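Below are two complexes that have chain A in common, paired first with chain B and then with chain C.
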Partner chain A sequence: MKRLLDVESPAAPLLKVEDLSVFFRTGAGEVQATDSISFSLAPGERLGIVGESGCGKTVTGLALLGLLPRFLTRVTGKAYFEGNDLIAMKRSQLRAISGRRLAMIFQEPMRALDPVFTIGEQISETLRAHMSIGKREARNKVIDALAEVGIPSPARRYDDYPHTLSGGMQQRVMIAMALICKPRLLIADEPTTALDVTVQAQIIDLLQRLSESTGTALIFITHDLGVVAELCTRVLIAYAGQVVEDSPIETVYRAPRHPYTSGLFRSMPSLGIRGTVLPSIGGRVPSLGNMPSGCRFRERCGYAQPVCLVKPELQPSGDACVRCVRTHEITLPGAVERAGNGV
Partner chain B sequence: MWDRRVFRLIGSSILQTGPILVAATFIVFVLMHLVPGDIAITLAGESATAERIEEIRSMYGLDQPIIIQYATWFWKMIHGDLSVSLLSREPVLQSILYRLPVTLLIVSLAMVMSLAIGVTLGVFASLRPRSTLDSVVTTLASVGIALPNFWLAMILVSFLALRFQWLPVSGMTNPVQNPADALYHAFLPALALAAGGVAEVARQTRSALMEVQASQHMRTLAAKGLPQSAIFWKHGLKNISVTLLTVVGLLFNRLLGGTVVIEAVFAISGMGSLVVSAATGKDFPVVQGVMLAMVVIVIFVNLAIEILYAVLDPRVKRR
Partner chain C sequence: MGMVIEITPLQSSTAGRLQGQTDRSPLIAVEDLHVHFQLGRHDVLRAVNGVSFDVNAGEVFGIIGESGSGKSTVARVLVGLLNPTEGTVLHDGVVLAKLRSREFRSVRRGYQIVFQDPEGALNPRMTVLQSVREPLDIAGVGSSQDRNQAAMTCLEQVGLGSDFAGRYPHQLSGGQKQRVNIARVLTMQPKLVVCDEAVAALDVSIQAEIINLFSELKYRLGLTYVFISHDLNVVAHISDRVAVMYLGRLVEVSPVEQLLASPMHPYTQALLRSRPSPVPASLREKRQPALTGEIPNAISYPDGCAFQSRCPQATALCAAEVPVWRSAESGHWVACHFAGQNQKTQSK
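For the complex of A and B:
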C-alpha cells in the first residue's frame, strides 16, 4: 500500500490539484477567493503561476501547505502530493511532510525569518525536526547548505541574526532552509518581489540551478512574466481566482490563447519599442464579493461578445488549456511577435 | 551574546545612576522639610523650654539651611555612614540591613507568583482567543488591576488565615535567621501584593503572544513542519521575552512601593513599615536611608533588565 502511494514514475504527477477553492469567512458572510484551481505538476517540473495582486495565487500556495488560518478560511477540493491529498490530511501528517517533502519560501525574507534566533539555528531546527541527527552534524550540514546557496564564509554567518543580513542574503537563507531536507517540491511565493533588480536575477539563477541539480520541482508564484520565461517550463495564468490559461512557456509567449494573457504581454515594456505609450488593460480586477457572471474578464476584454455571458470552462486547446469560449475565433498578439516588430 | 554591545550598555547605565541618586534623595530631603511638624520639638519633649528646643536644633544641625543639611548627609553617605536615627539613636544602615531581607523576600515571592501564574494564564488565553477561558482570564485581569491590594490582603487574611487557619495572620521572622518560617509567613502578604502583577503579566503575555502568532515568521515555522509545541514555547516565548522584561521592570517598582501598605496590614517590620514610622516622626536620616536603599535597588534591577534586553534581543543596540 505504502509503495503504491509513493511511486515516482515519470508518468505519475508529483502534485495534482483538483478544484481547489478557498473561501474567506468575513463579517458579511463567506467570499470565494479562488474558484476551482486545477493543475498538475510532474516531478522536477518548474511551473509559474502568474497573475495580478489578489488573483488568488498566494492563497493557493498557502492552502497547499495548510498555512491559511483555519478559523478564517475554508478550503475545498483536492491536492494530491505524491499520491496523498494535502487538503484532507491531518495536521500531524501535514507537519511530517512540510519542510521535508514540500517546502515554501515567501515574499519578504526579513519578516519570514524569526528575528531573535540565529539563521543557523533556524535552519538546523528544520533539519532536526525531520531527521534524527546530532547537533554537531546538523551544524555541518547547515554550513554546507549556506555555502550551496552562495553565502560567503558560511561558518561565520551561522551565528548571525537575520537583521544583520541584506534582503538578498536573507532570501538565500530562506532557500537554504527550504531545501535542507531535499524536498520534492518548493513553492516560491514572489521570492524576488521585495529585492533589488540585480539581486532578483541572482536569486532566480540560484533557484534554477538548485532545482536542476536536485530535481526539485518548483511552483514559482509571481506577477513578473519575464522571470517566468527565464525560469519555468510551463505557466498558469490566474485571473480573479480562476486559472484562465495553462500553457507551455514557448506557446504562451508566441501565441497566447486567452485575451487576458495577451493583455499581460502587451503591457510589458520592451527595449525594442520606443516612443509609444505602453498599452494597459483597462478597468480593474473585480472584487471577490462582486464577481461578474459568465467570463470574469468579460468587462475588460476587447473581444467580448454576448456568448461570453455564459461561464466558460477550462478547455484543452492544442498543447494548452484555456478558459475562453472564443479562443479559436480570435488571433491574439504575443510577446515574441511584438518584440520582433520593434527590433 | 556577552559582546562589546552588552558591556557598553552596562557602562552607560552605571554612569547614569549617580545623577539619579542625587536627584531622588534631594527631592525626598526637600519634601520632608515641607511636611508640618518640628523634629526638634519632638526630641526636646513636651515640656521643654524654647531655649532647650533651640539647643537641640543646633545640636542636630537642624538650624542649617536645607542645602547644607543635605550636603552634610550626602558627604557622610558616600563615606558609608548613613548616620543614626534621631528618634532611636540606632545606626540607620544597621536597621536597613536588618529589615531589607524581609521586604526583598516579600517582593521576590510576589514577583515569582506574578510571573508563574500570569504567564501561564496569558499563554492559555492566547492559545484559544475569544474562548471561555480567554474571557475569564481577560475579565480577571481587569478585576485584578482594579482591586486595591490592602483590601485583597484583608480578604485573604480573613479566609486563608482566620477561617481555614492555613497561613499565619501576621508577623514575620527574619529570613536570614529562619528562611523556611519566613517563607511561610511571607506567602500571604506576597499573594496579596501579587494580584495586580498576575493580572498585568497575564494581559501583556496574552496580547504579545497573539501579536507574535500573527507574524509571518511564525507561519514560516509551520511551513518548516515544526511541532506546535516548539513553535509556541521556543519561538513564541522568546519573541515576547522583551515585552515580559518590560513588564517585570515596571512591576518590580510597583511591588516595592506596594510593600509599604502590605507590611502595615500584616504588621511586618520591613522597609515599608520602617519608612512609614520614620516619616510620621520626621526622622530624616531614616527616611533618607530607606529612600537611598530603594533607589539603589530599583536602579540595579533596571540595569539588570537593560542588560537582559540586549542579551535576549539581538536587535537592541547600545545607546
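For the complex of A and C:
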C-alpha cells in the first residue's frame, strides 16, 4: 500500500466514482440496483446523497467499501480513491485501508457495536490493527478521541459496555472509532436517523466541526433534506438507482433543476403552512425488476412529454448536473422561498 | 412590540386539566396519569409521571417528545392497551378500567390506534380484505356479506380500490400498507384515532400522502386524533393543539400557532431550534448551539424539574421543586419556574 499517498495535486479529487453499477442476484435472475452512478469528491468536501428507500444510496456506500456480499452481488465500474480503484481491489488491500484511509458509520450504533467488549477495547482494536502502537499509548489515544467527540469523563467511559450508553453516546463512540485513524473519507449512512432531534443537532454539529478541523471528506447518506442543508456542501439526488441531480447546496435548495428534487421539497411538511394539503409526488418508485425505459421518473412527473421516452443522460446545467431533458424549459420551486427565509 | 404575559399559578387540581377553548365536555379527559413499570425487584421505570390533558371531540391533539419521553405509553393508555398505575382517564365520561369485559370491549372499539410500522401490524398470510374485515369478524357485526361490504367501503375511503382486496401485504408499498391499517381502524367507526408515529417509517413523498389522507378523513368522517410524533414539522402541520412531553411529563400545552410563535418552555425552544430546516446555512441566520446533555433515565427519576440536567437556565429551585402548571395566555400552559420571565414574547 505504498502508493496510497500519491495524490498528484491538491486539486485532484479524493474519490472519483465512474459508472458504478450494482447488480443483485435473485431467484428470478439478476436485477440492477444502481445504474452508472458517477461523481467525484474533493478533499474536505461534504457530499449528501439523498433519496427515498430503494434509490440505491446505501448500496452505493456499501459498494465503495466492499461490504456487499460477493456471492449475491456484482459491482461494475470504477471508484478511484486516492488514485486506486476500490472496486478492483483485493479484500486484503481493501482491509488495509478501510478503517484507516476511509471509514463508515451506520444508522444503528447499537447493532454496529459488539455488546461483549467495552467501547474502549473496540476503538483501540481499530487503532492497533492499523498502526504499530502499544496498548497504553492506544488507550491514551482512544481517551483523547472520546473526549474529542464530546463524551464526558472519557477515561471512565473507556471501560463501559455499549448498552450502558444512550443512542446519542453510542453514535459518538462510532464516530470516534471511525475517525481514530484520521481517515481522508468518512461515509456516514443515515447516522442520525435513529436519534432524537436535539441529539441529532449535536451529532451534526460534531461532524461538521470534525470535518472542518481535520479536512476529512464526508459522504452523508440520508433521506432528510433538512439535515443535508445543515451539513453538506453538495448534494446528489438519487432516484430509482440513478443520480438525477448533482448540485451545490445553495443551487439545489434555491432552484432545483430536476422535477423529482422539487417534488421532494414540496412534500416536506414545514412550519407555517398548517392545514394546507401537502403536494405529494403521487405514484410510486418503479420496482428494480421493472424499470421503465426512458426517464425513470416519467410516470410520476407533472412535466413529462413524449420526449421523456428517450433515456436522459446526466448533463451539465449551470453549476449543476441534471438528468432531465426538459430542465431548460421548466422553472421549479425550491425550498428557500417556501421556508420564508427570502434571499 | 412586546406583549406582557400574566402568569397565574394554578389553584385547584381540577383547573389542572388543560382545557381547550370549548365548553363541551371533552372526549378524553386525562388527569394526573402515572404509568410505572416494575423492572426487577427494586427498579421502577416511570414512563408516565403525572400527565393531565383533555382532548375535545373533533380536534387534532398533537404530542411531541423524544424517544423515552413516554408518548407511546400515553397512546397505549388512551386505547385501553395499558391501565394507569395512578390517575384517571375518562373516555367520554367512562373509566375503561372499571368496565366489565364485555362492555369494555364494546366501548373500546371507539378508540383505535395506528402504529408506526405498517408491515408489522399486518398478518403476512392474510389478504388485504381479510385483514380489514377481521375487526368486524371479531365484533360479530352483521352477515359475512355485510362485513365484506363494510370492509370494501373502508378500503375505498383510504384510496385503495377493489383490485387491492385480494393482495397480500408483500405486494404493497409501505404507504399502501399504512392505508390498509387505517382502513382497518375505520371499520370500527372510531370516535378517536391515536396515530403513534404513524408516518415516521414512510418516505417523505409517501408521508405527505398519508398526512393528507388523515386530514381528509378527519373532515369527511369527523374523526378526532391524538397525533404522536417526534417530528415537530409533522405534528405542527396537522394538529390544532400540541403537547410537548419530556421524560414522562408534559412541559407545555398550547394551540399550535402560539407554540410556534412564542414557545415558553426552554425544552420547546430547544426543539424548535434543533429542527433541521431545509435551507442551507449560508442562506439563513446562524442556528443557535444545540442542547448539551441527554435525556435522563426514567428509572433514576430526578427530583424537581425533569429537564434540569439539560436546561441552560436551571437553578437550585429547579432541582428542588417540580414546576407547577401555569397558564400564560388562554389555552397556553407551561410547567417551568421561569417561563415568561426570561424571554420576550413575540407579538403577532
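Throughout what follows, the second predicted complex is superposed on the first by the 333 of 343 C-alpha atoms of A that agree within 3 Å, B and C clash if a C-alpha of one lies under 4 Å from a C-alpha of the other, contacts with A are read in each partner's own complex, and residues count from 1 in each chain.
Keep in mind that, in the parts below, contacts are C-beta pairs under 8 Å (C-beta built on N, C-alpha and C of every residue); 3 or more make two chains touch, one makes a residue touch a chain.
Since the model is a prediction, treat every value here as computed from it, not as a measurement.
On chain A, do chain B and chain C fit together or clash when superposed?
In the arrangement built by aligning on chain A, the partners chain C and chain B fit side by side.
Can A:Asp196 be said to touch chain B (first), chain C (second), both, or neither?
second
For A:Phe39, is the partner it touches chain B (first), chain C (second), both, or none of the two (neither)?
neither
Of chain B and chain C, which one touches more residues of chain A?
C
Does chain B (first) or chain C (second) touch A:Arg100, or do both, or does neither?
In the superposed model, A:Arg100 contacts chain B only, not chain C.
With both complexes overlaid on chain A, does A:Met268 touch chain B (first), chain C (second), both or neither?
In the superposition, A:Met268 contacts chain C only.
Is A:Tyr239 contacted by the first partner chain B, the second partner chain C, both or neither?
Neither chain B nor chain C is touched by A:Tyr239.
So after superposition, what is the minimum Cα distance from chain B to chain C, given in Å?
8
Which part of chain A faces chain C closely enough to touch in the complex?
So the residues of chain A touching chain C come out as 52-53, 166-169, 196-202, 204-205, 223-227, 229-230, 249-250, 253-254, 263-265, 267-275, 277-282, 284, 335-336, 339, 341, 343.
Going by the contact rule set out above, which residues of chain C touch chain A in the complex?
Contact set of chain C toward chain A: 66-67, 173-175, 203-209, 211-212, 215, 230-234, 236-238, 256-257, 260, 270-271, 273-285, 287, 289-292, 294-295, 310.
Quick check on the complex: what are the chain A residues that touch chain B?
For chain A paired with chain B, touching residues are 65-67, 91, 94-100, 103-104, 106, 108, 111-117, 125-126, 129-130, 161, 163-164, 174, 177.
Under the definition above, what is the set of chain B residues touching chain A in their complex?
Touching chain A from chain B are residues 215-217, 219-228, 230, 235, 238-239, 241, 312-315.
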